[in-house]
Every structure is written in C-alpha cells, then in structure tokens.
Amino acid sequence: MHWTEYLPPLLQGAWVTVQLTVYSTVLGAMLAFAAGIGKLSRNLMLRAVAVAYIEVFRGTSLLVQLFWLYFALPMAGQALGLDLRIPPVVAGVMALALNIGAYGAEVVRGAIQSVQQGQYEAARALNFTPRQTLTAVTIPQAVPEMMPSFGNLAVQNLKDTALVSLISLGDMTFRAEQLRNFTQDSTTIYSMLLLMYFGMALVLTAMMRGLEHRVGRWRKVGV
Amino acid sequence: MLFGFEWDTSGPLVFAISILPMLLVGMWVTIQATVLGFFMALVLGLIWAVLKAAPSRIVSWPAKAFTEFLRDTPLIVQLFFLYYVLPEFGIILPAFMTGALALGMQYSAYTSEVYRAGLEAIGRDQREAARALNLTTVRTFTHVIVPQAVPRIVPAMGNYLVSIMKDVPVLSVVTVLEMLNVGRIIGDRTFNYLIPLSLVGGLYLIMTLVASAGLRLLGSRLPKQGIPLK
Amino acid sequence: MTDTIIKFDKVVKRFGDVTVLNELDFTVKRGEKVSIIGPSGSGKSTVLRILMTLEGIEGGVVTVDGEPLWHEGPNLKPASEAHLRKMRAQLGMVFQSFNLFPHMTVLRNITEAPVKVLGLSRAAAKARADELLDLVGLADQAAKYPHQLSGGQQQRVGIARALAMRPKILLFDEPTSALDPELVGEVLNVIGKLAEEHDLTMLLVTHEMRFAREISDRVLFFDQGRICEEGSPEDLFTAPTQDRTREFLGSILKEG
C-alpha cells in the first residue's frame, strides 16, 4: 500500500481526535474553574469536595481512571442497582476532562491567589458582593495569568486522547493500529501518526497563544 | 491464578485480599519502570540540554526541534513506534526496556528544559565572579554552577518522577505486566473489574502520596544557600 | 440628622498580641475635614480601614451617621454582611497604592461599581464619570488603561472612582506616599479642591504636613493607638502642647 492510501483512515481518526480534544478541554476547563475556586472557598464542604477531587485525579494515573470509568463503573452501578454503563466516547471524554480538570484546578487556584489583596480591598470599598468581585475583578485578572499553563495542559490533553484508542474509540491512534495490523507497515504508519500529532500540537499551541493574547489584551495596550 | 497466587471470589473482601499480592507484584514492575525511565530521562535530557545550548545553530536548532517533537507527540505512539519499528532495524529489546526507553524519551524533552532553566538561573555574574577568581572552567562548573543548580533542579525533576510513575500503565499496551495490566487481567478472568481497578487506583494514590512526601523531605534537606567551596 | 457623623467609642483593635488601637475615642462632625498624623505604626491607617470595614474591631463601638457600624440591633450584636453592605455605601476610600482595576479602562474603573452595585444605567454612570474625570482633570484619559497613566493620574482616577459612589464620607489612606515627589502636587490639588468645594466629610491620613495644615478643620496626632493631641491646624502645628507632638513634628520638619 502506498502511504497516501493511509491518509483517509488516519484523517477520519484525526477528526475524532480533534473532537475529543475540544470537548474534553472545554469540559476540563469548566471543572478546573469549579474545583480551583472551590478549593479557595470558605465553605468547608465545598473545599473538601474540591480537594478530594483534585487529589484523587492528580494522584492516580489517567489510564487507571479511564479503565475504571469504562470497566469498573458499570459494576459499581450494578451493585447500587443503577445502569452506569457508558459508551466509550463518554468514558473517554469524561476521563480526559476529569484528569485535565484536576491539573487545571491547581492552575486556576494559583492564578486567583496571584490577584493582589488591594484589588479585593478596592472591590469591598466599592461594595461589590463576593460574587461580583469574583466575576468582575478576580477572574478577569486571573485568566491571563492561567493561559500559559492552560496552553500546556491543552497540548497534554491532545496527547492524552491517544489513550482512548485502548477502549476502542476510533481516534487517530486507533486507526493507525488497525492499519498496522492490516499492512504490517509500522515505520510509515507510525511516522505519519507522529507527524500528524506534532502538526496538531503546533496548531493547538498557536491557537492557545492567540487566545492568551486576546484575554490579556489590556496588559499590553499602549506599552 | 496469577504469579502463583490464587484468587478467592467468594466475597468482596476476601477477593480484594487475595488479589493484593498479585497487584503488589505489578506495583514492583511499575516502580522499576519508573526508576529506569526516570534515569533515562535524566541522562537523555542532559544530552539535549547541552546540545540545545551549543553555540552553533546547526547543532542547537535540530536539538530544539527534536525535543519539541518529543514533547508534542503522545507517549503511547512513541512507544508503539519504538516497539514495532526498532525491530525492523534489527534492534530487538524486551518490552520492558522498550517501555522504559519510551518513558525516558518522552520525559527527556521536559527534563532538558529543567536543566536549561536551572543553569540559566545562575546567570552571568556568577560565571564572571568565578572568572575573576581565576577558577578554571571545570572548577567553575563543579564548584560554582552545579552546587547552585542542583537545589533548583531537584524539585522540578521530582515532579516528573511522579508523572512518569503515573504514565507507566501506558506500557501495558506492549504487554508489560505493570500494576494496571495486572488489575485488568484479574478483571478479565474473574469478570470483576470493580475491585481490582479500584485497588489499583487506591495503590496509585498511596504511591504518589509517598513519593511526593519523600520528595518534599528531600527538598527540605537540600542546602538552599551558603554552599561552601571546599 | 445629628451633627456628628463618625464616632469612635472606646474602640479596641488587636493584631494577635499587639494592641493597635487602645480604647480609642474621637468624633468627626458632618462636613468636617480631619487630618490624622503620627508616626508609622501608630494605628492611623487602621482607623480608616475599620471605617471602610476592611478590618473588624475587638471592642467598643464605631458609629457612622448615628448607626453602629460593626454592630446592629438594640443589643449591639455583631453586624451581618447585609448590615455592613448598607453601612459601607456611605463611605468611600482612596488607597495608598491606588488599587485601580488594571483590566478596566479608566472609564470602566469609575462606572463599574455604580452600574453593578448602585444599579445605574451605563449612560447615567458614564455621565457621572465624565463629570468626575473633568473634576480631577483627566477628561481626555477615559479610554486608557491604568498602566498607561502616571502614578499621580492613577490616584486621581482612584479619587474619581470613590466619588462615583456618592459617599458621605471619603477616606484618604496616605494618598500620596506611593508617588514620586513631582507627582504629589497634582493629587493634593484635587483633594484640596474637593475639600473647598464639597460638603463631603473627609478623613485624611497623611505625611504631607503643610497640606494637612492647609485643608484641615482639625488635626489629630496619633501615637501608640491613641490620640495624643488634637486641635486646629494652627494650634497643633505652631504651638503643640505635648512633648511627643513636638518631637514628631520636629523630626518631620528635619526630614522635609
């Protein structure tokens, strides 16, 4: 088989990889904000839940989490009399998002803590409610601070999507595995696969840089 | 039966206890792969760091591009590549060694950055001070730069050690019997995934907590300043 | 309406083992301009921070316009957040390090709280902001971000931002001590203009003695968490009765 014949199936897989990356990064970012803000909450329950989530998902392996969600969760459901069987795509997105969200939560927490005390004093003096302070003062200042780390996490997430091939999701790596089984042309197929991931990572990095520039525009105006 | 141990499926608790020894065998493999992969990452990363710092662009540029490539491609694909492609060039390694090499390669991209940042943090004035004191290049490196770089480098490297540990389960795809693979095999054979996979998760949590605590202890023992020149 | 707008009654403030305010008593009349001077660590800024509800108190009662600030109800139970919000609306503060919101334009810095907190329309808030920017001499800087302005300009925005909330009492916490010497004048001019033209009650913690003397109706000299001496600027600066006051003024004059 000529290498160009590998392209259609690999590109089909690439589209799945892109979708997985986008969904899990967006969902992961939401989890990161929830847990990062939760960890700084004055509410003990919220704080405990956030800390437990972050520690469990940072303290164990992504593949363990993926397998647990896919293989073990349905059995846990059975024991509780619930149907917790989830399709591979849901298990994949959930595992990726939960994992990246736990790492992102620490980034969010750090960025929020980097906002200066004087900002909170000004917000209080102007009689902002805690919620207004969070949305109008804290988050807009913390987000540009998080962006470089979020960029790294997004690339990490793209790479991690390759693991979902292990629960038979038809991503790029899964397609490559199928091709290799069929043709035994390992060198060509894996070289192409590596280059495609590399290309996607470069594009993703550029996009995250663009986003970083956008949310941090006020920092650079007129300097 | 696995590794000469029998499982007992008569109840959840006895099942958990009966499979624990098997998982611990897997854990030992995980630890070995972690240590070997980490060692390779330290050595390879140092090589990349030196090449990237080379004065000639013909050397530094390919080194930068290569580490960027290593950093931006998935571990599992690098592993497949090494596992299936190396034999085509007559290099046949045991799966475990291939796995450790893949871990080492992937993480060498990260460790090379740690070396670079650690050395850069020491800066020009220290080098100039050493020159003013008429220290040789070698003495400057061993007595001025290294003692100051090590305390900066160790904590970051420690974080990568823990990351490598969490990536070892990827090696299961090339048949390495690390802890997750063991848990999965038990699940396949007993049709009970919940207990083995939950145990693997719990054991992972313990391993990373112990490793992190050990690294913190090491970090607090490191001299931070006033390292005497002997 | 009572004539007294601020009243401290045996107010105690501690940080750990350190007593910063030791049964402090003083009052400020409506519309009065009062300067607080004294050595650093004497608790001057703490007085303002307590009034702005940035710091709680350990004892005594603070009253603002006839109502306890840190307490509520007939039994003086500790104030709820709702009570503090209501009371806080009467006060505004100008900070030593400006504390402008760096991610908002000058205009937005001034309109954000009136819109969000007071519920003004954007247009009404902008009209008010334009007026205030005119007052502080920055009408042409509305679209800029704080980091594009000099320190003196930033502090003038800080003053406009506080005024936009229409407080009865304006607190100035060393408003010029983070500024380069050549920028102090423009900020003092604005504060002086406010003092002259508005019936706002002003409390000013400052190291600018000459300025304090010019604009104040009354000067309080703080030492070790107490008012050591108070009086008209004329009396206090030219004929202080206490040794500590003389000592302090002497050291300041030597510096200046």
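Note that the chains are named A, B and C in the order they appear, and that numbering of residues resets to 1 at the start of each chain.
Operating definition for what follows: a residue touches a chain if its C-beta (ideal position, glycine included) is under 8 Å from a C-beta of that chain, and two chains touch if they have at least 3 such contacts.
This is a predicted model, so every value here is computed, not measured.
**Q** Can the chain contact pattern be summarised as a line, a ring, a star, a complete graph, or none of these (other)?
**A** Graph shape, chains as nodes and touching pairs as edges: a line.
**Q** Report the chain whose CA-based centre is farthest from the CA-based centre of subunit A.
**A** Computed centres place C farthest from subunit A.
**Q** Taking each chain's centre as the mean of its C-alpha atoms, which one lies nearest the mean of all protein C-alpha atoms here?
**A** Most central by this criterion: A.
**Q** So the centre of each chain is just the mean of its C-alpha atoms; given that, what is the distance between subunit A and subunit B in Å?
**A** Taking the mean C-alpha position of each chain, the two centres sit 22 Å apart.
**Q** For subunit B and subunit C, what's the span in angstrom between their mean Cα positions?
**A** About 56 Å, centre to centre.
**Q** Using mean CA coordinates as chain centres, what's the gap between subunit A and subunit C in Å?
**A** Here the centre of subunit C sits 46 Å away from the centre of subunit A.
**Q** Can you list the residues on subunit C that touch subunit A in the complex?
**A** 52-54, 85, 88-89, 91-93, 95, 97, 99-104, 112-113, 116-117, 144-145, 147-148, 161-162, 165
**Q** Under the stated contact criterion, what part of subunit B meets subunit A in this complex?
**A** Checking each residue of subunit B against subunit A gives 69, 71-78, 80-81, 84-85, 88, 165-170, 172-173, 180, 183-184, 187, 192-194, 197-198, 200-201, 204-205, 208-209.
**Q** Along subunit A, where are the residues that touch subunit B in the complex?
**A** Listed in rising order, the residues are 55-56, 58-65, 67-68, 71-72, 75-76, 79, 155, 159-163, 165-166, 173, 176-177, 180, 186-187, 190-191, 193-194, 197-198, 201-202, 205.
**Q** Going by the contact rule at the top, pick out the subunit A residues touching subunit C in the complex.
**A** Checking each residue of subunit A against subunit C gives 116, 118-119, 121-122, 124-129, 132, 136-137, 140-141, 218-219, 221-223.
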